[in-house]
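Presented sequentially are two complexes of chain A, the first with chain B as partner and the second with chain C.
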Partner chain A sequence: MSTEIEKYQGNLRYAVDIVMCIDATGSMHPVLDLVKNSSLQFHQRLNEVMGRKSKEISQLRLKVIAFRDFGDDPSDAIEQTEFLRLPQQVAEFERFVTGLEAGGGGDIPESGLEALALAINSPWEKGLDRRRHVIVMFTDAPAHPLGTVGVAAQTYPRNIPRTMDDLFEQWGYARSQTAVMEQSAKRLVLFAPEEEPWKESIGEEWDLTLHFPSRAGEGLEEFEMDEIIETIANSL
Partner chain B sequence: MAIPPEPARPPERPLSRPGHLTWSAADDGLQALAVWTESRPGHGEDAEPLAAHHRPTGHGLLAVFDGSGGSGAAPGWRAPDGTTYTSAWTGARIARLAAECWFQHIVASGENTSDGNGPGTADSPERLKRWLRTMLDATPTTVRSKITGSMRRVLPTTLAAIRYRTVDEDVRWEAVWAGDSRSYALLPGSGLHALTRDDTHEDDTLAQLRQDPPMTNVICADRDFTLSAHRGAFRAPCVLLSATDGFFGYVHTPAQFECVLLETLGQSGDVAEWAERLRRAIQPATGDDASLSLAALGFEDFGRLRAAFAGRYADIAGGEYLDVPPDDDQEGMRGWQDRTWQAYRDAYEKFMPGVGE
Partner chain C sequence: MAGLSGRVREVHAGGGGVKPGDVIGGYRVVSEPTNADGGKCMWAFAEKDGKEYFLKRFLEPKRPREGSGSATSRRIRMETCREFEERHRSIMKLLRPDADGAGNLVLATDFFHAGSTYYKVTERIDTAGLDSPHSLAPKQRTVLLRTLATSLRLLHDIDVVHGDLKPANVLVQKREGAAFHTAKLIDFDDSYLSGSPPAREDVAGDSLYGAPEWRRYVQGDESVASGDLTTAVDMFALGLMTHLYLTGALPAYADRFGSPADAVNAGEPLVVDERLSTATQALIAAATSADPAARPTVADFLTALKDPGACTVHGTPQPRPATGRSRVQFNPPDRSGPLPDRSAHGPPAAGAEPRKSRVRINLGPRRDGPPADRPTP
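Entry: the complex of A and B
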C-alpha cells in the first residue's frame, strides 16, 4: 500500500537562504575561528539536523556579511559575499571566511545595524516553494544607531534606512506594506548581548526573532556550532 | 467511552522503530478512531489524540495537540528518569490534560447547553481557556532556557477540537482551535469540509501548503492566546475529525487529504483496520509528527459507513486529483495544483469560518 500512497507525498523540502552577519572586530576572534573551522561541514551538518527533523533542503544558499565599525575604519567596515550555493560554491565560501581577520572596532558599539540592513535587503530566493530566509547575527557588542557614525564615508551603504524605525518598516510585520522580506519565509536569529538594540528594540519587538544572549566584550565562545546549527534548523 | 484508554507508550515498544499507535472503538451507531505517529521516537511533539464520547448525554469531544517545535525548542521538562523534553512536547501534553478535564466537567455539569452556550457554561470555549490557563500556570519549569526573542514561547502548542452533541438526528458541533491544526466534517454527499481556519497570515489553503507559514497564535504559558470557535449542526450520519498538520500538510493539494481518508476507508473491513491503514498511509509520506481523532456518528455499522462514501470516493478518484505531474515539472505541478484547488475549493470552504470571524 505504501507505494500507492506515495502519490500523495507533496513537497517536504525547503529552499533555505541564510545571511550570516559576523562581527569581525577584535573581541570576536573565537567565533571567527569557529566559523572558519566549521565552514566546510556547515551545509552537511545543517542537512543532518534538518534530516533528523524530517525536513529536507532543496536548495541552500549562504551569504556572509562581515562588519566592523564605520567610526573606526570605514575602509574595512563591511566585507561581503554574494549568495553562494552550497555545496557547489563551498570553495568560494571558504576562501572568503578564512580570509577574514578579527581586528579593529575602536569603541564598544559596532556597525551591526548597517550589516543587518544590508542583510534584510539581500536578493532572496523568490521562485521555489517552502522558502526560508534566515538572517543570523553574531556579535558581542551593542550597535551604533543607524545613520550616526561614518555616514559620510564613501564606503557607507547608500540605500539602507537611516533610522531604527525605518529599518523596522523594512523588516515588516503582519500584513505590512513596507516589508522587503516575505512574512512567511523570514527568520532572525541573534547571537548578541542583552543590550540595545538587540535585546528589546529587535529581539522583543521584531516578530519571528530568536535571541541567544552573549556577554558583551567576551566573544561568543560559549556557543558551540552544534547549538547554533540546531537553533537555525529549529527556526525553519 | 474514551480513547486512548491507556497510556500511549507501551513499555515494550522498541525505540529503534518510529513510534506510532492507533486506537478504535465501535458501539451502536458510533465508530471512533485515533491515530498517532511520531517522526523521532520518544520525542514526538504531538500529544496523543483525544476521542471521548459520553453515551448517556450524547456529548463527545475530538481533539489533537501539536507542540510547536520552532518556538518551543527550549528544554521544558525533565522527567524523573532524567530525560529532558522540549517546551513544545510538554505544552501539547498539558493542553491535552486541560481538554480532557474540560470535557469531564461538561458531562458532570449536566447542563443542556448545546443550543447556545454562554461564556459561563461548562461547555464554552472560555471555560476551556480557563482550564488551559490554570494548568499552564501551574506547570513547574524545571529547566531554564537562555533563549529569548519574540518567536520564543513557553509550552507552545496548537489545539484543534470538536465538541459535539447528538440530539435525535442532529449532530450539533462547535469547533475550537488555536494554531494550524484543523477540524473537518466528512459528509457522504459532499466530502471533506474544513470547520476551522488556521491562525496564520496566509488564508489560502493551497498557499499554506506551499509556504508552510508561521502561526500567529498558539496556546502558551507566557503570553495571551486566543481560542477561536465556530459552530453548526449536521444531520446524522456524518463524520467529524480533528488532525494536526502532519496529516494534511504534506500532500500535493488539499483534495488529497480527502483521498487518503476515503481510499483507506474503502479498503478497510472495520474501524480498527481503517485506523491502521490511515497510519500506514500517512507515516511514510509525512514530514512531521501526525495525529488524528475521528468519530463517525449515526452509521449503523462499518459496512454502511464505507458504503456511504463509496460514491464520493469514485467521484474524487475519477477527477484530476491523483494525476500528479512529475516532480521535475515545476510549472506543470503549479498549474495542476491551481486547477485542482479551484475545482475543490468551494465545497471545502463551505462550512469554514470567515476571515477574522
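Entry: the complex of A and C
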C-alpha cells in the first residue's frame, strides 16, 4: 500500500437530504402542529441528537411535500417546497409549514403514494463523499392505489409511476437497473398506520424501510417530536 | 445454530411494522422496536420458551414475494438474498458458539426469514450500565481489556476481521457476584476474512474507529487494495478503545480532522495521554500506526497487558517512549503471505452492479468526548 500522504483525500464529507411527506388532511392537526412548532429548531435539534450519537452532518437539505386527496380537491392535493438548505433557508421552511392547514381529504384513503413517488424522484444530492437520502412519511390513513384517483386532474403529477410495481422499481434494490435513488444512501421511514400500502406492500417488501405503526385517523398524536427526530437521526 | 446449517428457516411473516406482542419465528417481541444504533437494522428484545433474546431485523435484502415485480427483478433480488445467506452462514461456521473461549462472543443462535425479511437472534446480554470504563480500578480495566482482546484473538486466529470494532459493539458485563467486568464482543454481521473485505461501497465500518487504510479504501483511494484490509484494521480500533477505556477519551488530534484515521492519513500522529505508562503509550502509538504492518498483533497486545502497570493512569506525565512511534516494534506479523480463498467471501466480481455502502458515518467526539453510545438494550 502506498504511504504517500499527498494522495490523502481529506475528511469524509457527509450530505443529508430529508424529504418530509406530510398528510395535511383534516385529522392531521397533531403532527402538523408538531412540525410547525419545531420548524425553527429542527436543524438545531437534529444536530444535537446527532452530536450525542457522535455523528456530524456536513450539509443538510430539507424538502416538504404536503399531500391531501386528489379525489377530494385536486387543487390542493399536493403542496411542496424545493430542497431547502438548513440552517440558511430555515425561514422559507418555517413559512411553508406555517402556511399548511390541516383540512380536506374526503374519503379515508389519501394521495400518499403520489407524494411518495414525488419524493423518490427528488433531485437528491450527488456530491460530497457520503450521502444519506431519507424520505419520512407522516400519515394516519391508507393510500389510494397509484394512478386510480385524480389522474385526469391538471395538477396530478405527470412523471410518476402509475402502478405500485413501477414505483417499487423506482425505489429499487441492490443491483437494480431501474432505481432512481442511490441504494447506499436511501432510507424510507414510515409513521403510518398498519394499513395498505404501508404495512405489507411497502413496509414489508421494500428494502431499507422502517415502519413505525401509527393509530389510524388520530393524526399521529402518539408521537413526540423528539421521538421523530431521534428516529430520523438514527437513520442517518 | 438453527437455520444456518442448511436452508434458512422460513416462518410466517408479520408485516412491516413490528410491535410488542408480535410473534416472529416463535419469538415474542417484548420491547418497542427501534433503529437506535441499528445501522441497517431494527431491533427489539424478545422471548421464547422463557428465555430472553435480542432480535435483529435486517432492512435489506428483502426476499421477493410470489408475483412481486418482473422475472428479472425477482432473479436479481433472489441472487442478492442467496449471497447474503451464504455470507452469514460462512462467518457462523467459522465462529462456533462451542469454540474454546467463545463465551465472550455474542454469537447468533438463530437466523431465519419471515416473509420478505431476514432476522437474526442472539442471547440477551444485560450490560452493567458502565459508561465510564476509565473510572474502574487499574486491575478492573486490565481484565476488561484482556477479555476484549481475548475475544478478538479468537477471530484473528481464524483470520476473521471483526470489521466494525467500536465501543457500541462491546458490551461490558459484570455477572452477579463476579469481581470484574468483562467485555462481550457483538455484531459479527460485517465480519470478513482478512484481506478479503467486501467492495469499497459495501464494506462496513465506523468512521471514528476506522483504520487509516479502511478510510482510504472506502474513499476510493486506489493505492489501497482489498488485500490491505487485514486484522490490523481491528488493531487500530483496539488501540483507540484502549486509550478510551483507560483515560475516558480518544488520543488527541487536530480539530481539522474528522477522525483519528484522517489525522494519521495526513501524517499527523495521534497524541497519547502522557499519564499512561511509557510502555502503554508505545503500545497505543504502535496500534494506531499508519502502517498496518507496524501495528502489534492481538497476541502482542495481550502480552503487553501482562505488565502490571499497563492500565495505570498516573497523576503526573510519564516519559514519552524513547523511540519514535513508527519504530516501536512488536514483531509485526508477516501479512504479506497469500490471501485466503476469497471465493466465498470476497467482493463481487469486476463488472458487478454498484453496491450499497455500509459505512456508518461517525465523526464524533474527539479529545474530550465521552465514550460512544453503546446499544441500550
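Note that the second predicted complex is superposed on the first by the 223 of 236 C-alpha atoms of A that agree within 3 Å, B and C clash if a C-alpha of one lies under 4 Å from a C-alpha of the other, contacts with A are read in each partner's own complex, and residues count from 1 in each chain.
As a working rule, a contact is a pair of C-beta atoms (placed from the backbone, for glycine too) under 8 Å apart; a residue touches a chain by one contact, two chains touch by 3 or more.
All values reported here derive from a predicted model rather than from experimental measurement.
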First, second, both or neither for A:L236, with chain B first and chain C second: both
First (chain B), second (chain C), both or neither touched by A:S184: both
Partner chain in contact with A:R52 - chain B first, chain C second, else both or neither: both
Partner contacting more residues of chain A (chain B vs chain C): C
Which superposed partner A:S27 touches (first chain B, second chain C, both, neither): neither
Which superposed partner A:L208 touches (first chain B, second chain C, both, neither): both
Which of chain B and chain C A:D129 touches, first, second, both or neither: both
Chain B versus chain C as contact partner of A:F168, first or second or both or neither: second
Partner chain in contact with A:S111 - chain B first, chain C second, else both or neither: neither
Contact residues common to both interfaces of chain A (with chain B and with chain C): 1-2, 4-5, 7-12, 14, 52-56, 129-130, 174-175, 183-185, 190, 199, 203-213, 230-231, 234-236
Footprint of chain A on chain B - complex, ascending: 39-40, 69-70, 73, 146-152, 200-202, 209-214, 216, 250-253, 256, 259-260, 263, 267, 277, 280-282, 284-288, 322, 324
Chain A-touching residues of chain C, taken from the complex the two chains share: 13, 15-17, 19, 34-38, 40, 42, 59-62, 64-65, 68-70, 73, 76-77, 79-80, 115-117, 201, 207-208, 213, 215-216, 219-221, 223-225, 228, 256-259, 262, 265-267, 290-292, 352-359, 361-365, 369, 372-373
Residue numbers on chain A that touch chain B, as the complex places them: 1-2, 4-12, 14, 52-56, 129-131, 174-175, 183-185, 187, 190, 199, 203-213, 230-231, 234-236
Parts of chain A lying in touch with chain C, wherever the complex brings them together: 1-5, 7-12, 14, 51-56, 129-130, 132, 165, 168-169, 173-178, 183-185, 190, 194, 198-200, 202-213, 230-231, 234-236
